[in-house]
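All remarks here apply to the structure that follows.
Each chain gets a letter, A, B, C, D, E, F and G, in the order it is written, and its residues are counted from 1.
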Amino acid sequence: MIEWIIGILMVLGSLFMLLAAVGILRLPDLPTRMHASTKAGAMGAIFIMTAVVLHFSTGIVLARALAIVLFIIMTAPIAAHVIARAGYFVGVPLWRGTVKDELRDHYDPISHSLDHEELTTLTAKQKKSSS
Amino acid sequence: MEVVMAFVVATLFSCALYMMMRRSIVKLVIGLILLSNAANLLIFVVSGLTRGAPPLIIEGVDPSPFVADPLPQALILTAIVISFGVLAFAVVLIRRAYEVVKTDDLDQMKDTDT
Amino acid sequence: MDSLLLNSVYILMSLALLVAFLRLMKGPSLPDRVVALELIASIVVGFVGVHAIDTGVASLLDVAIVIALMAFLAAIGFARFIERRGTAND
Amino acid sequence: MNVLAIPLLIPLFAGALSLALWRSTRWQRVIAVLATASLLVSSIVLLQAVLQDGYVVLHTAQWAAPFGITLVADLLAAIMVVLTGIIAFVIAIYSLAATPAGHEKFGYYPLLHLLLAGVVGSFITGDLFNLFVWFEVMLLASFALLTLGGERAQMEGAIKYVTLNLFSSAIFLMAVGLLYGMVGTLNMADLAQKIAQVEDQGMITVVAMLFLISFGIKAAAFPLFFWLPASYHTPQVAVSALFAGLLTKVGVYALFRVFTLIFVHDVAYTHTILLWIAALTMLTGVLGAAAQFEFRRILSFHIVSQIGYMLLGLALFTPLAIIGGVFYIMHHILVKTALFLVSGISYRLLGSYELRDLGGLYRKKPLLAILFLIPALSLAGIPPLSGFFAKFIVLRAGIEAEAYVVTGIALLVGLLTMYSMIKIWAEVFWKATPEHTHEQKPLTDAVVDRGHWPLYVPIMILGCGTLLIGFYGQPIFVLAEQAAAQLLNPQGYIDAVLGVQP
Amino acid sequence: MMNSNTVILRTAAMYLMPLQLLFSIFLLLRGHDEPGGGFIGGLVAAGAFVLFAFSYGSDALRSLIRLDPRDLLGAGLLFGLASAIPSLLRGEPLLTAQWWTIALPGDAELKLSSPLIFDIGVYLAVVGTILTFVIQLMEAEHE
Amino acid sequence: MSGFFWNVILALIWVILSGSFSPWNLFMGFMLGYAVLLLMQHRVPELSAYSRRLPRVILFVGYFLKELFKANLRVAFDVVTPKTYMQPGVIGIPLSATTNAEITMVSSMISLTPGTLSLDVSNDRQVLYIHAMFLQDEAQLRQDLKELERRILMIMR
Amino acid sequence: MLLTVMLGFVVAMAAPWLVKLSGRYSGWLLALYPFSLVVYFAQWIPVIGQGHSQLTTYQWFPGLDISLSLYLDGLSLLFALLISIIGTFVLIYAGSYLKGHKDLGRFYLIIIAFMASMLGLVLADNVITLFVFWELTSITSYFLIGFQHEQASARKAALQGLFVTVGGGLCLLAGFVLLAIMGGSYSIQGILSSGVSLPEHGLYGAALVLVLLGAFTKSAQFPFHFWLPNAMAAPTPVSAFLHSATMVKAGVYLLARLNPGMASDLWSTILTSVGALTVITAVVMALSHRDMKKILAYSTVMALGTLVMLLGIGTELALTAFVVFLLAHSLYKGALFMLAGAVDHAVGTKDLSELSGLRKAMPVTALLMLLAAMSLAGIPPLFGFIAKELLFESLLQASVWGYGLLLLFVFSAILLVAVAAALALKPFYGQYLATPKTPHEPPVAELLGPVVLIVMALLLSLFALPAQQWLLSSSMLAVAGYVPEVKLALWHGVNMPLMLSAVSLVLGIMLWTQWHRVQPWLSRVIAQLSRFGPERGYFKMMDGITWSASWQTRFLQNGVLGLYMVVLILSTFLLAGYTFVRSYGLHFPLDVQDSYVYEWVVAFLLIVSALFASTTRYRLAAVAAMGVLGFAVALTFIHFSAPDLGITQLLVETLTVILLVLVLFKLPEFVQLSSPWERARDIVVALFGGVVMLFILVAAIDIQYFDSISSYYIDNSELLGYGRNIVNVILVDFRVLDTLGEIFVLALAALGVLSMIKLRAEDRVK
């Protein structure tokens, strides 16, 4: 029985990973690809680690698996955030099907400063300080 | 499997050599990385590949004689760290070279020979 | 553990690796490649987990811990580069 | 037992300590002189011990060979360590007056010590992979010393130096791996013993060729020497001198070691290849020098050519030839270091290494002229200086071995060597100082002036060495003879390392 | 100057770095029995500092560790060499391993050994080395 | 955080006293320590928030896993099927979170939830810009995200 | 006896100091050394004259059979006496000639060292010791020729002399080693008395050629004669010494010394022809010059040719003539040089066309010059006459070469007479021509030598027979191996040689009267001819060395790293590949049975990532691919039971990416630099390397001669190393020294990086 659960978990995990991979291959632009990779990757790891815990069923392994999952959950979004941000700021093009971009007018392409005020005031301020 | 890995080693080695013959210093550095990877893998492969038996002794159990050969692993570990140091030096070297020579073209760097 | 099952899991993940690498090769922008690299790191974590089950060596999980904790540094490095260099194709 | 460990520990400790004391260059200078002096003393103690016992063996961490790393000194190793001690000491003294403050601040002394540690380690290790590690220690120290100062020429030279040496390291590493895969051990004595039992030597010879190439690159043999003339004239002169004297000899030493101990089963093939490499090394090196008009470049090319002589000794593989090789190494280390140090003083005085900018030193600095002439004529093989006997032994061995063509090349190379030395002499010393040189300001401002004696004393010491070998060479010859006898009887080495089975 | 350090990264780094450092010491200490050891531990620790440096800048890292990386390096090398001294003092061959068991109150005992001292040296040297690389390169970026 | 700190101390003391370093024993010590703290919370006000947090954390984990799984499937569906359903876009969400830790936590959780990806926080830390994959119903999305934020803040405060 | 030589070097070392101490009398003071030698060697005359010899041996380098063995017999005694006698007067002469010269001390140092070396050369019995002194004379004469070193011409002449003599010397050394092998000894007497017939030995030809090359270069034989006249750049005392008794005679001495053992038909042929060629060349050249010193130099070359030829003829008479002519020449040539120098010194020029009518101002000089020139021309009653008579007589008897040689010599004698006349008459007689300095009689120190030498020449010819008994016959014994029966005398009655002498004298004088026409004409002819002459060859050779050197440097050391790599890779893998095929054959055990699909996938990923990293146009893409490669390698390590390696690889890999990213920030993007041809070439080379490596690796995988030592680690890791991670126990215990070295590598890398970034060249400029 437990064998079967482990097997299913492993297959699910690996399927998620494959899904993530296919996602980044198929999806049309950087942010959408990141949607696939960050989550599905983490999800796959979670499934497999669960399988690992069930397979070994010792405390040490549980602790380790927990640590792995925890670390992935902690680090993956951070990495995703910095890459997405960097990609957006240097102008990696968005998919043409993108329906909305509220950030477009709120960041300064030179300083990468970002504000929800109107950008015009920001740049005006900058011009003042630089002159 | 060793033979398959031998092909891998040979490919890595060829790529390394090719990159080391390029004129761009950055490519040269990539060649160096490939070279050390090739060398490490070569040692690993030539001393035999063992699946699923890392050279770790389980507490309270007599060591199994069928674990993977630990010696080449120790050697490779040393080699990895050494080549990391060397590589770090090399990348800073090319950066500095670019700074003073103002080009990354190695063919522009032959003053010291001729 | 059933070897057919294990093998198919391995094969699925290998496929994932290859597909991810395909994106890395295609790019088109550097962030795309970095995303692929990040995913490959995750897949390696999965690989290690399955491998631990396969071989019964729990110590292998330490490898996964290290990847989980450290591999994202490369992405941060790339991101830092991209932002400072101001270009996504380099 | 630990007489063997001390010469290795001293530079390691000195290096670590100098690094830890990076804030105080004064302490680093004190450590430099003390450490190199004690290195010299301990190396002599080691030589004494080796002369007494034949071999000194130390199983590090108490693990019996071949399981642990065994340090072992036979006579050749002990001689090399003593030479290292001498060079270390004179370079340390010279450095007191020749090292720019910035270099001192950014690790000159730790680098110096660790380079020495790498060299000594390479000489006394009995383990093939450990040899690789010491090579890398040496190599990285040399990288750092080579680039210390960060000038354009240094960078250009260093890129070639680094690349080609890393290629060599990779080949070395691969060769060690292949050998381990086939023979299952890393201890050189164990390897020698086991390889001797192998019937089909084919693959062993293949691996031997990889070692030949790898060490050949380190030794700057033909056609693998490019890195040397590209870089040796670029760093600060004390560094050049240290490299010139010591570094390539480590490659030569390694060739001597493995091609007398391990790969001696297909001598007709391996050593014939060595022979032609030696001949071409001599010839291309000396011709390279003839084309140069820069003090240190001439000297650098001559290193290549002299390496050929040493290899010739190994390649001929007769007792006399090996003696000649060993003798040549001893002579060359002293002489080449001295010449580089002289070039440093002339640079200090006139601000250039270019022969056309130099001149008039015979009249201005007669002492320097003499200090140049002794090693220069010695290098050229003028009797009764050390170089003559070195050359004569190799020559005699060549004729006795009926290797006439190679011997003829050796003679021709001797003539051309003299031509180069005379060129330097005529240009730097005899010629009047060129007018335009007076306009150049000597580049001494970067160097803290600590008087001139630290510059001259080292050359005097080395000069006395070469004179001593010349006039009183018999003891040195006997030393080389004993060393050669050990090299040609590897069983002694094997027994000493592995312990004789009763 | 570009505003590339975000709140999110900085905050995450603040939480991740201690974790990584702790983990590195864990790897160091149990390396004799399980995967780990001085190198691996040192590399992880160095990674932790790199994360900090990327988030807060190299100056912040310098003031965090207070020591110059060279001090770490020197200490690491001296530790590594120091592990050789006990053997010399006892007249044994260079680097012979020494094991000391210190009895603690109760049944517990503390196992100290020269290989452990050596591994600590390795750890420090690795950290010092990588910190040197990263700090130098980051400082040089501004030129 | 002092509550957690004390809990760990108690667990370690338990481990030392019992003389067994096994993880199970550590877990045991942790549980016992938690129980002790639960008893003490009335006397020591600083600890009260801590003991309440644990059940909330467990609840949150459950909620989060559910969301994660649910939305993953949605993305998966879009990935594997040839037809594209998504309507991606970048929107700004006003933040209730104030401290750095809160903002980071919220943004991370949003990133981990499929279909949404945090891009950056405005300089004044009022707005979180996210990339969303399915903007068919933007209002519902905003509501879901505010719910997520609320739950996070509940365990953090 | 060794002391005589060694003392010379000590005196030489002390000379600069002594010169300072003794001021203007330094010449006289230092001459005490050669003078004491004269006394010392004179004592030996009675003993040696009896046909005895004296061999003293001191150990020097027994391992190489090099001993400081000195051998005194007639030949070496004759030379030793000449060296010390002429040396005495040269030193005195130099004290005056170079009075107040700032480098006088150094000059004495070198010339005394030279003297001692020459002495050592003629006394040495061990061939290597002889060679040591031989080279010492070359190198000291280099310094003497280049004494006026600030003139480029002097440096050039010095180099020329050195290059030729040292080049020959190296041949000589090889010849000596061959001789020693043939004779089984490094002692000349040992070789000569070994009983081995050298000419019948298989190595004889090679040894002969090598030894002759040494001797000919040193003794300025055709075609190596050109360096000697150029060596006239040296101050006159040097010329006097070098060309009369010493340096240039070293080759002749050596030939004479080896004559008893080496003589053969081949020997005769070579020596006679080379000697004859030298003679004719030298005489013609002598006549073509106006510079007194040059003329003397060519006459020296001619004398050397004569001596070599006489050795070649090798008859009893010829060998007698050899010894006599040797002595005669040394005496008159020493005198002539000193006189020419004295004239030059006194009037400021040595160009014959500017000299005339000095007899009144310098009568003594004129007289001495006349006497010395008479000896040169072979006019009685000077010793030169006896030599010339013997010469003609031996030629008359020489069966092999017949009258051709005789004719040649008569012709050269005619020219020589003309030369002698030019030297002795042209400057002193006729109309006085204004000279740069007011002519005056040279000081005593400069005339003392010529006087003594000419007196000796006179006395020797008058008392030829006693001289022969005391000294010359023992020399002949050494040269010929037997005591010749020929009796020396000034007057043999009217015979053929006398007739020939007379003829040559008359014709010579006649020729001299036409000197002012012949000389410029010859000079022009020579100038034309010298375009094909051996000196031209020398310059061509020097140019050739420089040219081939720079060509080689351009070709090999061309500064292109890519090409260096090509050479390195090809050398490595041609050698390894050839060895592989030669000694192992072309096996390729393609066994891929034992592998799983996913392993293939990882292998494939490794290959693809490497290929992609090497081909992508984007450098950061290459870095990312390297990252993937690192992951795949780590995966391989993990999969094949190396978790520690896996972890390390992952971490190192991550840090490498970070470093690369930090560095590449400052570097430019990839551009295509190399041409398609270069890329194709590099691909072929790289593939070649990879394929050879593949073959070697696959072969090595298949081979395991011995079990690995690893079982020891596995068994003892926990037992003795107290650790369960065997790899770690190896790293920190079994092979701790490796790891120790490794952290030093890291520290060194850090130091290197630190200094490269922090220590700026710009800082230094500031």
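Simple rule for what comes next: contacts are C-beta pairs under 8 Å (C-beta built on N, C-alpha and C of every residue); 3 or more make two chains touch, one makes a residue touch a chain.
Keep in mind the model is a prediction, meaning the values are calculated, not measured.
Enquirer: Can you give me the shortest step count from chain D to chain F, moving only between touching chains?
Expert: 2
Enquirer: Among the remaining chains, which ones contact both chain B and chain E?
Expert: C, D, G
Enquirer: Going by C-alpha centroids, which chain is farthest from chain A? Tell me that one.
Expert: Of all chains, G has its centre farthest from that of chain A.
Enquirer: Going by average Cα coordinates, which chain is farthest removed from chain E?
Expert: G
Enquirer: For chain A versus chain G, what separation do you get between their C-alpha means, in angstrom?
Expert: 78
Enquirer: Let me have the rounded angstrom distance from the C-alpha centre of chain A over to the C-alpha centre of chain C, please.
Expert: From the centre of chain A to the centre of chain C is 13 Å.
Enquirer: In angstrom, rounded to a whole number, how far apart do the mean CA points of chain B and chain F lie?
Expert: 42
Enquirer: Rounded to the nearest whole Å, what is the centre-to-centre distance of chain E and chain G, using the mean of the C-alpha atoms as each centre?
Expert: Chain E and chain G have C-alpha centres separated by 62 Å.
Enquirer: Going by the contact rule already set, what residues in chain D reach two or more other chains?
Expert: In chain D, the residues touching two or more other chains are 12, 15-16, 19, 60-61, 71, 129, 133, 136, 140, 143-144, 147, 150-152, 159-160, 163, 167, 174, 178, 180-182, 186, 226, 229-230.
Enquirer: Which parts of chain E, given as residue numbers and ranges, touch two or more other chains?
Expert: 2-4, 6, 8-9, 12, 15-16, 19, 33-36, 39-40, 44, 47, 50, 70, 73, 77, 80-81, 84, 94-95, 97, 126, 129, 133, 136-137, 140-141
Enquirer: Please list all residues of chain G that touch 2 or more other chains.
Expert: 553, 557, 559, 561, 565, 596, 619, 639, 641, 643-644, 647-648, 651-652, 654-655, 658-659, 662-666, 693, 697, 700-701, 708-710, 713, 724-725, 731, 733-740, 742, 744-754, 756-758, 761 - these are the residues of chain G that touch more than one other chain.
Enquirer: Report the complete set of touching chain pairs.
Expert: Applying the touch criterion to every chain pair yields A-C, A-E, A-F, B-C, B-D, B-E, B-G, C-E, C-G, D-E, D-G, E-F, E-G.
Enquirer: Under the touch definition given earlier, write down the residues of chain G that touch chain C in their complex.
Expert: Within the complex, chain G touches chain C at residues 596-598, 601-602, 604-605, 608-609, 612, 616, 618-621, 624-625, 627-628, 631-632, 634-635, 638-639, 641, 643, 646-647, 650-651, 654-655, 657-658, 661-662, 664-665, 669.
Enquirer: Report the residues of chain E in contact with chain A in the complex, numbered from low to high.
Expert: Answer in residue numbers: 1-4, 6, 8-9, 12, 15-16, 19.
Enquirer: Where on chain C is chain E touching in the complex?
Expert: Chain C residues touching chain E: 59-60, 62-63, 65-66, 69-70, 73, 76-77, 80, 83-84.
Enquirer: Taking the touch rule as given, give the residues of chain A at its contact with chain E in the complex, in rising order.
Expert: Per the stated touch rule, the residues are 71, 74-75, 78, 81-82, 85-86, 111-114.
Enquirer: Help me check something: in the complex, which residues belonging to chain D touch chain B?
Expert: 129, 132-133, 136, 139-140, 143-144, 147, 150-153, 155-160, 162-163, 166-167, 169-170, 173-174, 176-178, 180-182, 186, 226, 229-231, 233-234
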